[in-house]
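The following pair of complexes shares a single chain, subunit A, combined with subunit B in the former and subunit C in the latter.
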Partner chain A sequence: MVMHPVLMIAIPLLSAFIMPLIKKAHRYFAFSILLLNTALSILLFAKVYNEGALYETIAGFSPPVGIYLAVDNLSALLAFLINIFATINFLTSRQDFRFSMLYLLGVAGATGIVLTGDIFNMFVFFEITAVASYALVASKKDRKATEGAIKYMILGSVGSVFMLVGIAIIYSQLKSLNLYDIAARISSMDPKMMWLSFSFLLTGIGVEAELFPLNGWVPDAYEGAESNISSFLSFGPSKASIYAIARLLIIFSMSRTYELALYLGIVTLLVGELAAFTQKNTKRMLAYSSIGQMGLILIAFSLMDKTSYAIPAAFFIIVSHASAKSALFLLSDKDGFGDMSSKYAGLAGVLSLIGMPPLAGFWGKWYLLMGVADEKIWAVAAIIIFSAVIEAIYFARYLYKNMEGKESSRNSIPAAVMVSISIVMGILPILYNMAGGVLNA
Partner chain B sequence: MMWPEYVTVAALISIGLYGVMAKKNLMKIFIAISLMETGVNLLLITIGYIPEGTAPIENGNFVKYVDPLPQALVLTAIVIGLSVTALALTLLIRYHSKTGTLEYRRGMKW
Partner chain C sequence: MLELIFTALLVASFVTLFVKNGRVAAVISLIASLLPVAAIIDWGNEFGLKIFSFGLEKSMDFSIAGITMHFSVTALAWFFGVMIFFLIPPIMLFSYSFFEKNRGFFPFMLFLITAVFGILLASDFLTLFFFWELMAASSFILVYMGRDRKAIISYLSFSVLSAVLILTGIALIYSQNGTLLFSNVAFSADEVTVSAIILMIAGFAVKSALMPLHAWAPFVYSKADEPFVAFLSGGLSKMGYYGMFLMLFALPGAKILQQYFDSTVATYILALIGAISAFIGTLLAFMEDDLRKLLAYSSIAQLGYIAVGFGIGSSLAITGALFQAFNHAFFKSVLFLAAGAVAYRTGKWKISELGGVAYKMPFTFMAALFSIFALAAIPITSGFAAKWLLYEAAVSNKYIFITPIMLIASVGAFLYSFRILYGVFLGENRHDDIKEAPLPMVAGMFLLVMPLIIFLIFPGYMLDMMHSALVNAGIGTVSHTNYVISTGMASYNTIAVVVGMMIAMIPAFLIYVLRKHRNIDFKDNFLAGEPYEIYGHISMHAANNFYKPIEDVLMPYLRKGATSFYMALYNAMGRVSKTVRRIYTGLSQDYAIYVAVFLLIIMGWLIW
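What follows is the complex of A and B.
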């Protein structure tokens, strides 16, 4: 079977621009494109799993000059997650063709970020995702959404400028934009320049990845946007960009950069969870809780050089957060879980997020704590457990408030399906055995 | 040594950053962001520039030419900047029609 990963970016990108021509059938068309993309991502994972990491050159220029895609197991799995959640989330859309268009652009960009092997290409995909997300947030035409989108846009644009400066510095030193080429020759760079470019890139990507000092837009944009768009933001751009940070850490791979990422992750975790604890508004609470979880993922990635538990930990937290938090955002358009499927989705989602066995969130925290225990950094372990306790308290409050509500969300069935993916991924025992071997490849 | 270019780059980016952080008017903030983008584009061009280099077009007397890659990057970056600015202006029109002002209100603080 010939499988080109570039199709997963090109097909949604192309069909996004066909959307205005087929206004009538836009929903069926977009949905079938997303389904096709999910199928392709499964084939891609199967191929990468059997044959090892895949490098595809585009337009016949060979690396390091040409742009190319680099796919390993983790990025194939993430592409699969982004696409399957995008497909399920799309079922809840009630917007017009412009939504479908922007949504496909966002999915294409997020898939591109995880699959690309070229740092400038990564920047372009970041911008595609970001511009689509600004417009999606603003697509609810009221004042709150507009303000949220403007704020997101200001921070996002400044972040993209910083990212470009970082790329420019790397290019000026190494005359290369290829991630593997950069990683191989990074040590020949002047350490000062290396730190400069690392900081610029981290600041730039950190805006999208919701890291602590750069996440002022998160609560406003998530609160202002339509609930299915908040859901998209929480599994699409943010997951893709945290993976981009992981790649950045691998490229620079100095113990000091990992340390910096660890501290940033801890601060993000604490700030997010404590802010979520004080929130009254449901969507703001979920948004701050997202920040906390992103911190947790960053902590997991920052232990990559030390322990083999780090990548499975990050992967399972990403699965749990992408499915459960997206489902909770979908349910957040009404206060209350009226019917059975939203009760199930809400309960299972919360249990996965706070880390109850045997859901995916539990395995994430379990692997993370194993990794931390291996390294004997007990302060970090204490912080993780402390934040889990805070999380449990405010989610208990959230459940209590919502279980009483009589109204139920219109999105309850897609939300239930999303949560079920988290449960399946948590329970599939094959995956435990696979996790170590597959994800560390 | 091409220090005037790098000083200009640093100045453009710093002025832009100052504008984003200090100005209250959203239009001025987006102008500041455009300044930063221009600064980065100039930085990329400067990195690829060689004194007395010709345009990288193959035409026989092809001896000393500037690095073409940064120029391609800048072209992409300009297009991206344009689209972001267009979207920003659209949003500002809507913001103005909802609030009657372009200043951001106090509730919008970071």
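What follows is the complex of A and C.
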């Protein structure tokens, strides 16, 4: 079986550029490409799961010229998640071929970020996703979309410059771009340079990963964009970048960086949840809530060095957030749940986000609090409890507001399918082992 | 076999989701709800209720790749199972007439039953919490159907609060013990375990609507569908006490608390909270005009007694508490169902708008009357035995502060029960055009009244049923025969009490039969209070403003209660939220500055 992870990046990337040539059938073509990519990601996952982590160098060129991929269980799973959500989300597409093109580019970039094992490639993939996302946000032709896209672009480009600076510092010191190589030799770096590069990288990636205070673009871009694009932003670039931050933390595996990530996660969580608390506009509320959830994921990742619950916790929160929040964004094109499937998607989505079984969010909450209690960090436990209640209140309000709907959302069926993935992940504990954590408590 | 029951319940839940006709869905649900009842009856052979047996296993391990859920039935779970699952078929019977169309009550109710079944059978914390959350999720959806903003918000937020408190407690216990199995958990008197116990009890107290965590109850009880509310108040609130019993006595948390604080202060606080709940709940109940809210506050009050029993912790007190829990499950379900039946016929909830319903709905009235006897602990029902045990326990433990509060609350229960009887069922006949509730509704209510009468005459049976649960928890039991409960202080012979009660009633009955009747005006001063000058012409009869003077004195204090505290908190959070959102100015230059400042700060923090 010829299964090379690079196909998952190359196929959508190349086919994106074919889109303008096949204007008529672009939708079917793009959809089949996404489907193919999802199938590949399942195969990749099976391979990684059976044979252990995978390191591939492309076409014999060594980095930095060639592409170097490093795939472990978690990144294969994330690649799978990104692709399957992208496939489902694409069903809602009503835009023209330019949308399909940018969308495929974005998916290729996000997949690349999670699969790559090379920090410069990571930067390139970040740029691909980011550029595609700016254009996607701007593609809705009204003032708000343009405003959101501009803010997104300004902050995104500042971020990518910072990221590039961080990479340059590392390269100047270690003459290497390979993540594993860097991780192995990081302690030989001049500590000041090391912290400098870490700060630049964290700031750069943090813009995409919606960390506070780098997330100014989030409410405007999510509000302005078409609802299926907000949905894409919430499962694609943001999840890939939070994973990139996790990799960054592993590379600079110092207690100080984990501590910083913990504080950052807490602040992001609190700011996001509190900002969402009184937000009346549904899409902005969901955007602030996304910020909060990203903080929660970062808290989970920041406990990685201490407890084995951290990775499953982060994984399940990612699943829950990617599926449920994306579904809620899809539904946000209409006020109110008009039909059965949107009612189902809305309710199940909210229940997943606040962590109720049999949805993925339940396991996220379970493992996260298990990890926190394991470490006996009381303040964090209190903050998680507090933010969970805040979240419950505004989501209850959201549900109440959307109870009656005259017309049903056009996206209701894809949204329902997306939420179902959260249920499947929640009731198939086989996936826990796959996420690489301790399962049976 | 056991997994078959789970599967059958889930399948029934799934099937009813697609059945539009309420009647069909009700029949399916009724049959499905008999499954846990059958399981309970079967297990009864071991725990003291010998009817028949079909050899159902008592434990099961269920694992799907990686996670194992342990199920086994304990004496405690069985006793709570009797209390809860026998409620459901009558409620389903009631719902047969109540819901013309299947709007989602049946599937989620069945799902809820599955969850409750899982909680009771759970023998490790993961399973317990998993099903606890399933219960919260499905009951939330049932609340959601009530379409009330406050109910939805308060129920979801309190459910989540309860869940995270319990989860934190579980996580702490796990970090101390390295195991989640109840049988392997060994508590020791250290800070972590003690805080875990307190967190979990607080989490469970949310579900049993103990003050000050009760704020959701009045909204939810007054806005959701009546059959669900009957189960919520009758059945689900007991799950909170199941959890508390589990933590305090089955895994001996009470002993650990006593060791750690070197006194019984922690459990005394629990008893005090229970007594205060009983007291304030009663006060709020007798001023309430909405029948459902009245019953909601009454639930809070009656559930408070159970906490008092758990807090006192003697075998007498716990027996009384479990007895009270059992009675409350039945009488409060009947009362909510009766309220539902009255509203089904009249469409009204306000006591001031109702009146004279009993003339047209005599059977509903009878059922409600017996439940009110149980609620007010009048010895025509088993309500008396439970309260009697509790009072005796409080007195014999010299709880000089709690005992009077309980007694006052108990008198208060008469005051509001009287309003239900007079204001809704008797008094001025305002409803000539209604008829008796449909047969299934009446049948459902009467089935629920039966245990109240049976256990009046045979309180010994009840004590037999809880015998092994108490013995397993090392509490010890109260010595009894079928009719006589003997405690250190005295012995209580039910036959004597019933006969005495009958004899006392004969003259009253004779007077009622022999004397000539005359109809008095609704506002006859026989029942109406004297209005003060300042009120002008406000009529104060049993149905309306009867306790106005008391209300005027107490309301200013009660208004500062927990609900307004939560509202203040909510508004304060809103202000914080608006302040936080000012960070997002909407100007890209500000955001760019944030990025730069952030970079400098973390750089500075990391390097220096």
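By our rule, the second predicted complex is superposed on the first by the 425 of 441 C-alpha atoms of A that agree within 3 Å, B and C clash if a C-alpha of one lies under 4 Å from a C-alpha of the other, contacts with A are read in each partner's own complex, and residues count from 1 in each chain.
Here is the rule we go by: contacts are C-beta pairs under 8 Å (C-beta built on N, C-alpha and C of every residue); 3 or more make two chains touch, one makes a residue touch a chain.
Everything numeric in this text was worked out from a predicted model, so none of it was measured.
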(request) Using the superposition described at the top, determine whether subunit B or subunit C touches more residues of subunit A. (result) C
(message) Output check: A:A149 vs subunit B and subunit C. Expected answer is one of first, second, both, neither. What do you get?
(response) first
(request) Look at A:F120 in the shared chain and tell me whether it touches subunit B only, subunit C only, both, or neither; answer first, second, both or neither. (result) first
(request) Report for A:G216: first if it touches subunit B alone, second if subunit C alone, otherwise both or neither. (result) both
(message) Quick one: is A:W195 in contact with subunit B, with subunit C, with both, or with neither? Answer first, second, both or neither.
(response) second
(request) State whether A:G355 touches subunit B only (first), subunit C only (second), both chains, or neither. (result) second
(message) Contacts for A:V131 in the overlay, against subunit B (first) and subunit C (second): which applies, first, second, both or neither?
(response) first
(request) Could you say whether A:V158 touches subunit B, subunit C, both of them, or neither, answering first, second, both or neither? (result) both
(request) Check whether A:Y171 is in contact with subunit B, with subunit C, with both or with neither, and answer first, second, both or neither. (result) first
(message) Quick check on my understanding: which residues of subunit A belong to both its subunit B contact set and its subunit C contact set?
(response) 150-151, 154, 158, 216, 220
(request) Provide the residue numbers of subunit C that touch subunit A in the complex, in ascending order. (result) 64-68, 126, 129-130, 133-134, 136-137, 140-141, 144, 147, 149, 152-153, 155-157, 159-161, 163-165, 167-168, 171-172, 174-175, 180, 192, 570, 573-574, 576-578, 580-581, 583-586, 588, 590-592, 594-595, 597-599, 602-603, 605-607
(message) For the complex, give me every residue of subunit A touching subunit C.
(response) 150-151, 154-155, 158-159, 162, 191-192, 195-196, 198-200, 202-203, 206-207, 213-214, 216-217, 219-220, 256-257, 260, 271, 274-279, 288, 347, 351, 354-358, 362, 365-366, 369-370, 372-374, 376, 381, 384-385, 388-393, 395-397, 399-400, 403, 428-430, 432-433, 439-441
(request) Using the touch rule from the top, collect the residues of subunit A that touch subunit B in their complex. (result) 120, 124, 127, 131, 134-135, 138, 141-143, 146-147, 149-151, 153-154, 157-158, 160-161, 164-165, 167-168, 171-172, 175, 177, 216, 220
(request) Please name which positions on subunit B make contact with subunit A in the complex. (result) 13, 16-17, 20, 26, 29-30, 33, 36-37, 39-40, 43-44, 47, 67, 69-70, 73, 76-77, 80, 83-84, 87-88, 91-92, 94-95, 98-99, 104, 108, 110
